[in-house]
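We just call them A, B and C in the order they show up, numbering each chain from 1.
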Amino acid sequence: MSAVSPHPSGASHPRPQTDPIPAVGEAVAADDPLRARIAAAVRRVREQTPLAQSFTNFVTMNLVANAQLAAGGTAAMSFIPDDVLATAAMAGANYVNVGTLMPFHREALADIAAGFARQGRPWVLDPVAAGIGRTRTAILTAMREVPPTIVRGNASEILALDAMWGLSGGEAPAANGPAGVESMDEVDAAEAAARRIARHLSAHLPQKVAGRVFDDGTGPSPARGAVAVSGPIDLVTDGETTYRLPGGSAMMTKITGAGCSLGGVTATYLAVADPLVAALAASLLYDRAAETAEAASHGPGSFQVAFLDALWDTTADQVAASPILRAG
Amino acid sequence: MSAVSPHPSGASHPRPQTDPIPAVGEAVAADDPLRARIAAAVRRVREQTPLAQSFTNFVTMNLVANAQLAAGGTAAMSFIPDDVLATAAMAGANYVNVGTLMPFHREALADIAAGFARQGRPWVLDPVAAGIGRTRTAILTAMREVPPTIVRGNASEILALDAMWGLSGGEAPAANGPAGVESMDEVDAAEAAARRIARHLSAHLPQKVAGRVFDDGTGPSPARGAVAVSGPIDLVTDGETTYRLPGGSAMMTKITGAGCSLGGVTATYLAVADPLVAALAASLLYDRAAETAEAASHGPGSFQVAFLDALWDTTADQVAASPILRAG
Amino acid sequence: MSAVSPHPSGASHPRPQTDPIPAVGEAVAADDPLRARIAAAVRRVREQTPLAQSFTNFVTMNLVANAQLAAGGTAAMSFIPDDVLATAAMAGANYVNVGTLMPFHREALADIAAGFARQGRPWVLDPVAAGIGRTRTAILTAMREVPPTIVRGNASEILALDAMWGLSGGEAPAANGPAGVESMDEVDAAEAAARRIARHLSAHLPQKVAGRVFDDGTGPSPARGAVAVSGPIDLVTDGETTYRLPGGSAMMTKITGAGCSLGGVTATYLAVADPLVAALAASLLYDRAAETAEAASHGPGSFQVAFLDALWDTTADQVAASPILRAG
């Protein structure tokens, strides 16, 4: 539910442009084990069709489900705690999005976050519109004690969540207007907040999630949470290392649910990979598919269709060969 | 919300494959009156644009409505009992799907099922995710006494409903893990359960539904309920005779709402045909449209677009000429 | 959620036809200042990407958001009063649609309408299915005292709202069966009702809305509400002057959410224009985009895709050059 660039009126096939942004970090080498782990995650989803359950935004949940299916997974959406917790027992991971709250959400989301913590379920939180509305603030603030495995949001949402959770300590949080449905803040401005949140998630990782082992041929997975910040250059961090992912398409800001469905697909990968690899694989698949779709489409209607086709068609090797910058 | 076949990673236009399954029954002859009744139902929907009302799953309801419109009908979605019962008075049939329950659904669905029974309204039940969650089990169990006219589901949902309704008597129900959003059981394994449910529906058919007469030139309609089981080979039964419908496309498992929208279109046909013909016409239209869409598309995005176009374009004669196997 | 024309069965690319309808009024001249104001509104949306918030129908809200984005705006959907009023403080305009009521809607919508009135927010009301169900009637009736800035509906909904609000005085309201999701009444039959509603809106316009000034180079905006009636020939009135907008495509009745998303895009324009210009610009953009989409598509699936592309591609000059008839 966001739009970034002005629409150049009068052009016959106007497309929003992304300004070139200086990238930070060293390029990850072609033979870095990280790339093999990303490729393995993409393949495992297509081979195992893992179930990722969502409690998500009513506006975009159809796209969330279709994107999960197009990436190779299986989707289920639930909204009452007994449904959610019963389905979580069968699901590889879960996705929670607070975009369209209704009166029953406050109690339901508290029960669900507590249930996930108690049962040790891996889950992705999408703090859509963090900072808007008392109900949403109460819900998100309470999740500090029973946090997710991955947080995925835009820069202003990450800044708002960092502030709500009081993670900056003595350090002043970055200047932050009312966080909203648009990416109003630069992704880089949210880096410190993203690292703090990732460290908080790592410190609260349930034993059952920390203990999962994925046979990548690259050694055991690190027991850490991860944060993904979507923007002109996506940023993914596990609190120790930050990755920047250039590319993608600004047309993603002209369809509703691009971010939400990325959160859903991140949960699909979380079902078969550790949090950092899941967040990287999902963001990279999205960037490559968006580029393919932009080239094949004539506006936001055909872009969305081509994007779902490209989620289906992009190969594991194409995802793993993406440009990735790593910073300490 | 389902996915069946693994995604062959690395292929450039991978498509899920359906294993050949041995078909059971005798081919229905080209001049069998059943074919004329199916063709008449498809034509009547396009001529009369009947209203079918839905109380349905929030994930897929947009596709349900668009599929009903593409098949030629009119759609309306309602969620509070006074709305549903007021609209039912104008609608030819109704569709209820329990896929995305919210706290108010339990009481609302009890009121609605009782209201449909009292008013003698024809309706289709889609027991999505039957067997998962206490709330859903309570809702579906209570419908035993005020059952629908048609049940449409996948095999595991039909098995779960049969068990909940205690219809197997001394006979042990087929082995059944937790029924889910995926078709985990073979369609054939659900045949006996489907027949039992159909006979239960027939025994409870409101007088007003049983007494409807459709001028097919083929004599009066039988006063029976019907059950449709979706899968690699769809199965439709009125409790006496079972029909198997080969064909379709496994790409239907790669878009969300294929089954739900089939339930909605079944209700559209139920507005102008008896239950058995409605269930057959809807499933056959879906199989033919899916085949057309698979040939015209490059992935799940373009498949869904082509599928809606094909629902619109497939002729009544094409639907009625479909392969149909009949067994005793 | 409507369908008008029967589907000619058997045709390979059947399209619903619009009967030619006698138009009423004088053609607006090519150099009429109204056209410059319409073009300015279309351009401003693409330059400013204004936020329009929606509290809308769950069936069609994905299309509402995507249409607002494709027209150049920004979308946010909210459902609890504290969310809605917090977001309204950042939004240029708001959209309320009563199509899919749930139990919490009655109290929420009363709070929201009162909040909009108190805060002086411009908003568009879409009285979907006006006249059906006690809850909806109670909600719409109560809005008489805290009315919106624009009402957009089909003819039967406008007639039903006029009757509920008791605006006809001694004059008998036009004959009106149960208003529904279909356009059962002719647009012209609703003209008197539309004018009465527009005058009622004008009389209740909050000072803050009446006092907005848009720099069109055409003088200050009139402090009036507006009513848009969708149909084979759309009708827009500010209570003093009535405009008729010929053209469009009957395929718009074969996708769900055509009317709802027009309401949403009307709110997008209301964020940057006075009510009359907003209603005209949105309806004209829709008619031109629908014509482009009909020519480019093969059925309702490809029509919706092409329609979103055309919302994006149609230029401000094309919208402003549309045929418009004005009557006193």
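For the reader, a short list of remarks on this structure follows.
In this text, a contact is a pair of C-beta atoms (placed from the backbone, for glycine too) under 8 Å apart; a residue touches a chain by one contact, two chains touch by 3 or more.
These numbers come from a predicted model, not from an experiment.
Any chain that touches subunit A and also touches subunit B is listed here: C. At the interface between subunit B and subunit C, under half of the residue numbers appear on both sides, which makes the contact a different-residue one. Look at where the CA atoms of subunit B average out and do the same for subunit C: the two points lie 35 Å apart. The set of subunit C residues touching two or more other chains comprises 58, 62, 102, 104, 304-305.
Subunit B meets subunit A in the complex at residues 1-10, 12-14, 58-60, 62-63, 99-104, 129, 132-136, 178, 180-182, 253-257, 297-302, 304-305.
Contacts from subunit C toward subunit A in the complex involve residues 42-43, 45-49, 51, 58, 61-62, 65-66, 69-70, 72-80, 82-83, 86-87, 90, 102, 104, 108, 304-313, 315-317.
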